[in-house]
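Both of the next two complexes hold chain A, though its partner changes from chain B to chain C.
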Partner chain A sequence: MEEPRIGVYVCWCGTNIEKVVDVAEVAKAMEKLPNVVLSKNYKYMCSDPGQDLIIKDIKENNLNRIVVSACSPRIHELTFRKTLEKAGLNPYLLQMANIREHVSWVHDDKKAATDKAKSLVAAAVTRVNHHEELQKRTVDINPATLIIGGGIAGLTAALEIADAGKKVFLLEKTNHLGGVVAGIDQSFPYFDSAQQIIQQFIKRIKQHENVEVLLNTKAENITGYVGNFKMPLPMLGIDAELEFGNIIVATGLKPYDPSAIREYGYGYLPNVITSLEFEKMLMSGKIETKDGKTPEDILIIHCVGSRNKNCHEYCSRTCCMTALKFATQLRSALPKANIYQAYADMRSFGKDCEELYLKASQKDIMFLMYDQQKYLPEIRRAPNREKCEMLVEIEEILSGDMVEVPADLVILMTAMEAHEDVKDVARTVGVSLCGNDFFIERHPKLDPVATTTDGVFIAGTCQAPKDIPDSVAQAKAAAARVLSSIDVGQVEIEVTTAFTNEDLCCGCQTCISVCPYKAIGFNEENRVSVVNEILCKGCGTCSSACPTGAIRTRHFTDKQIMSQIEGMLSMTKRKSKKTELEV
Partner chain B sequence: MNNRVNPGFKKELQKFGMSEQWNECFHCGNCTAICPLSENEVLFPRKGIRVIQMGLKDKLASYVEPWMCYYCGECSETCPRDANPGELMMTLRRYLTSVYDWTGMSRKFYTSKWWELSYILFFALLVIVLFLIYLPLRPDAYLMVNESGGVMLNHLVAGISGDQFIRIIEFGDWAMAIIVAFILVSNILNMFYKIILSNKSFKVPFYAYFTEFWRLIYNFVTQSKFSKCDDKNYWVGHMLLMTGYTTMFILVVVALPAFQTEKVVDWYNWQRLLGYYATFGILFFLTVVTIGRIRKKDIKLQYSHSTDWLFIIMLGLTTITGIVLHIFRLAGLPAATYYMYILHLAILVPMIMVEVPFSKWSHLAYRPFAIYFSRLKQVALSKQYSTGLAPAI
Partner chain C sequence: MENSEKKKPKLKMAVYWGAACGGCCVSVLDVHEKLFDITELADLVFWPIALDVKYDDVRAMPNGYIDVTLFNGAIRNSENQYMAMLLREKSKILVAYGSCAHLGGIPGLANFTNRDGIFERVYDTSESTVNPEKTRPQLKTQVPEGELHLPYFFDDVLALDQVVCVDYYVPGCPPQTERLVEVFMAIATGATLPSKKTVLGAWDKTQCDECIRTKTDKKTIKEFRRPYEIEDDGETCFLEQGVICMGPATRGGCGYRCIKGNAPCKGCYGPSPDISDPGAKMISSIGTMIDSNDPVEISEIVDQVADPAGTFYRFSLPGSIIRRKIL
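Presenting the complex of A and B:
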């Protein structure tokens, strides 16, 4: 290998770094390190003149390694890799040192910060000596798509992709399509019929030549990688298999079972029902108690199972609006009834939702505020002498009074929560779940439909509770992402992957058990582990677990890591004998 | 105490004045924060709005706070939702007056114009008929003019002497005062029961009944509470009315023989001066309030209940007939004086019988007692809160 010729660039980031770190001093200190040809500081390295400076230096000084000491590589590593490419260098011959997030933004002692920055940059310099050229790879994309979940999100995405002329497999674990929306009467905030919307979708899906609907089917045993996934269909024969290039997960959420909340008596008080049960009542056109009487006093309780440490801490987001929808529907169906809403903060964001709240609040509905963390309303059967079925005690917090509400019907606005089998789905598609068992998006703001697994997208409420418009929007976005990847036809895959040195491998299979992406297979014939480099994310877990050092991760080799540590310590060596001894 | 919510209650309250405007309230608490009179443990007006929104009738009956409000209107000006809490306090005072009144008359008067009008008409006719039958004008009344040219008012009735006439009128005065006082006192006891005794959320320490009583007297004399309000003009008007009215009351009930004299005394004598002061005070107040209620610029005069107008009209008519009576008397017109005297009483008597025990004037009695009761409540609650619990604004 040719002799390393390293260029070091210390960025000011305007005043972001410069006001805490003495950038000139850092740059100067790097000049002394072996193989460093030049070391400079500049106001904005990521700007065009900053990048041009690097390109010019590479060409004029024959540089073949670059260290940029600036912000986090998450922000600009790609930028500078492209810079290297422009100058004709392999992009992996770059190393970044983060002296903004790790130094200037978190320290204020200029001297100490400058010392720390020196250590970090020195580490990058010693590491970059050992960088190797890595080559990009691409794979072809299978134009078929698997959609898991036949709710409104899944249906929307399926139609979007099928209408573009691409094949869709739509998996639904129940025996019917439509998801939660299939059980809703009218939808907020415009009171249009949810049935009309969803039935139209279902009809089109069933007739669509590009869509294959698989009812009573769960997503299981999916293998493969972006562009080339497979899923066996054992019920259709041993070899039956679906092949597809992308996956959209749209498994939605299910209603929380409120019988766990003692105060509400759900399950043994016959006239305490859930929001979905009330939707059913609305669809049947008859609002009545279990005895067939028209209710005179109706109480709607918000946040059942939501926003409480004992159930779910998150807000289910659509129940406030659904409750206002119910109150409005009740008012027109039963003009004389007394309608009460026990709420804990009214959340009516979204287009025309605050307006619905305003309208509902003018319909003679009594709003009672309670503390959903501390004092839940308590429902009990009313004694015989009372006209109503139940009495509800509520600690009303706007007045500070304990009040009693008569009720013939109580509607619990139950939370929406993950399906029991969501972990299985998550495992089979290789996507992580957050603490609430919602699928995690690649980036909460900048990439809300992709996941960290290439070729797997999420849409609808499986990502977090949301209403129909948001679910549909996300489904369309996911479909667009899938279509664009089909259109490109190929996809670039990770190059910083693991690989095995078969001579060193003892076949213990430790790596297979630790790989979170199921990227390692076992070659029975040679009794060695083999990395599927398309599945491998380069996380490095296997390399650190391997007892023989047979499996290594490109760009994170032992040599690179050790040299980085040495470089880091080299700056403090002279000052502290102790560190030297310990090392 | 029954704490059952009652959505129908707001309709009931509407009859006492305000429409459902208060329902705009979203409980920001600005009104309570700005109110110069709201203080620890007796916080208003926001909490009252909540009680009404939920229709907690019992709680409202024990609610002393509206009486602390002197309707400066600052809360209504500050309210971001135009919920008009000040007017609500006014409406609540009417409502509470009807709650304290065990006879049920107050409620009838506030909720039905016709009831009130019939009642007034009844007393007016009664006065007229009694006079015409039992105290007729003497045939030679035209002679009853004294040397200075004024009418000898007490000698206009046939068959009785001037002294007897004064005694009869005095008797009527006292009878009326006793009836009114009886009703008022029993209502105040009812109020005490509702605000203090039946309220289980606090217990008044026994000593407070005495210590706070002295405070009450001090407050009443200095009106220190009222002077906290920013609008001093309103305070002046109110004081003029109150002192004028009280002066008149003392003159015609307690000091009748000295006031309604045989001779027309010289203008600088104390009776006439006091009478003029009282007349001026009442007229001044009436003019200001009538103009205000018609113009509707001042927030506290924007909403007028029918009883407000009736009160103004009755008081106005009483004053005007009183003045005309005085003029006739000075002008030496015995018959005209006599009939004007009857007319004056025919308006004055029903006004006292309606307003003092059942309507607007009763707050003269309720307010000082409410201050007393609220002090008791404050003492009791601050003792309780010092052990930890703090109230919401």
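Presenting the complex of A and C:
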């Protein structure tokens, strides 16, 4: 191996890093480390002049290793790998040290933050000494796509891809397409018929020559990798299987079950219903109580299951607008009824939504604000002497009064929450879930429909609660990502994979069962484990399980990791305790 | 041919023990009749267990006088250290012979305590000790004949290469005699030796490669058991029976003697090349075999490992990354 010649670049990130870390001092401290040829600091390393500085230095000083100490590698590692490639260096001869998220954003003591930054950069410098050149590999993309979920997002993505002439397998676990939208009457804010939209989609999907719909089918046992996934279909025969190159997960959400909230009496008070049950009522054209009477007093309660630590802490995003839609629809249907809204905060963001709020508020609707963290409205059956069905006690916080609202019908604006089986879907497609069991996108702003698993995209409410326009937009974005990958035809796959040193492998087979991607097989003839590097995702589980050190993960070898730790500790001044040998 | 070999000057060889049990020296004696082949090619110039050669005699030798020294035992006190340095100076090739010189060996387990801890146990609290005056060994003692000296007892036990440069390592507790003969013959006949710092007399591949027990990928452990707790069928991999066997993480070369004797490998031949910490490597490996995803159950299973430190670091504590318990 040629002698390492390392260039170190400490980024200011404008003032993001520079205001907490003494970047000049960090850069200077790195000059003393072995094999460091030059060490610089610059205002924006990721800018064109910043990258050009690296390219120029590589060429003029024969640098063959680069350390960029800046933000998280998740943001700019690819940027700087490309910079190295432009300068003719293998992109894996780069190491980043994250002194923004890990230092300047989380500390305010400049001295301590600078010391910590020095340790992290020194670790990167000692590590980069042991970096090896890795070669990129590509595989062909199968142009078929698997879409999991037949709701509005799945249908939209399927049509988008099928219309472009590519094959789509649309999986739906129930016996019908349409998802939640199929149970909605009109949509906000324009009161157009959700039915018309969804039924048209379903009709087109069913007739589309490029779409194969599989009802009553769950996504299970998916194997393979970007470009070349497979899923068995045991109900169609032992060998039946689907082959596809990309996956769009659009499994949606389900309504929260409000029977867990004692105050609302859902389940035993017959005229307390959920928003989706009310949608059914609207579609049937009959707004009436269980006894078939026309309600005179109607209360709509917001935030049922949302924004409360006992249920879900997140906002379900669509319920406020749906509640205003209900109030408006009720006003048209029952001009004389008393309509009440018990709300916690009115969230009317989005195009023409605030306008809907304004219009609804002019329709003789009583808005009552309650503190949904403290006192939920309490619903009880009204005594016989009262005309109404129920009485609802609400602590109205704007007036500070305890008010009692009569109600013949109470509509609970229930939250959206993850399906129970979402963990199974997540496991089979290899994508992580957040604490609320929503799928995690690769980057919330820069890559919102991709996931950290190549070839797997997400769309619609499985990523987070959202309304129809947002779900459709995401579905179209995911479809665009899939189509562009099909168009390119090939994809670069992970190069930081595991491999076996057959001279060391003793054939104990410890590695085989630990691999989550089933990428390791056993060669009976040579009695050694063999890694299928196309299936391998480089997670490193086998490397840590291998007791002989025969399996290594490229770019994460023991030597690289140990040198990184040594580098980090080398900057720590410690009181040296004299050993007896030195006495 | 035979004549020219006879003319070749005989090698000068030394065998010395540091903190050792004597087993390594016995393993040298175990060459039996091959000793004659060895003495044909080499003169033993220093070997305390067998020959009456004094330290002064060694001191009197010119530097580099000895061709090969087999140093067994760890470095536990100032005498071990002094002799290691002296023999380094006097020897062309210094071999760390046996587990103790290689990685610290069994004496290295003393790094879980220190000098004070050991002295307290040995001179005060052990069941057979009566020492109300709390007498401790003294470095110097006056007797009518003059002053007696004892070596200084260190807090740490060290492997040989932690005090002097070592040319080769021959692992084992003790090294397999056949391996010793092979290594010796290679040196004596002037065969091309591998690059310095190499482990000799052991394979790169670990025990499982030789072991004929049946191995599958079903290494899932619900319960750790000790050898006496299983009904061993003599055929199934020990790990697959829940018994910790260091075989997968331990170099071959010993002829998997323990396993042949129906006992799991204890790890005396040390790790295969490039492994920086054999104990940690095996712990990491065993960790993946535990068949549970429930943290409580996992910790219950882990608790079943009797003496984890002595199991995973039995022969390698001083030579590992952790080196000792921080006290």
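What we mean here is this: the second predicted complex is superposed on the first by the 418 of 583 C-alpha atoms of A that agree within 3 Å, B and C clash if a C-alpha of one lies under 4 Å from a C-alpha of the other, contacts with A are read in each partner's own complex, and residues count from 1 in each chain.
The criterion applied here is as follows: contacts are C-beta pairs under 8 Å (C-beta built on N, C-alpha and C of every residue); 3 or more make two chains touch, one makes a residue touch a chain.
Computed from a prediction, not measured in an experiment: that's the story for all the values here.
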| item | value |
| --- | --- |
| Partner chain in contact with A:558 - chain B first, chain C second, else both or neither | second |
| First (chain B), second (chain C), both or neither touched by A:399 | first |
| Chain B versus chain C as contact partner of A:340, first or second or both or neither | first |
| First, second, both or neither for A:514, with chain B first and chain C second | second |
| Greater chain A contact set [chain C / chain B] | C |
| Chain B versus chain C as contact partner of A:364, first or second or both or neither | first |
| Touching partner for A:506 - first (chain B), second (chain C), both, neither | second |
| Doubly contacted chain A residues - partners chain C and chain B | none |
| Residue ranges of chain A in contact with chain B within the complex | 338, 340, 364, 366, 368, 396-406 |
| In the complex with chain C, residue positions of chain A that touch it | 503-510, 512-514, 522, 527, 541, 544-550, 558-559, 562, 579-581 |
| In the complex, chain C residues that touch chain A | 81, 152, 154-156, 163, 204-209, 215-220, 237, 239, 247-249, 252, 271-276, 281-282, 284-285, 287-289 |
| In the complex, chain B residues that touch chain A | 3-5, 7, 27, 47, 50-51, 53-56, 59, 391-392 |
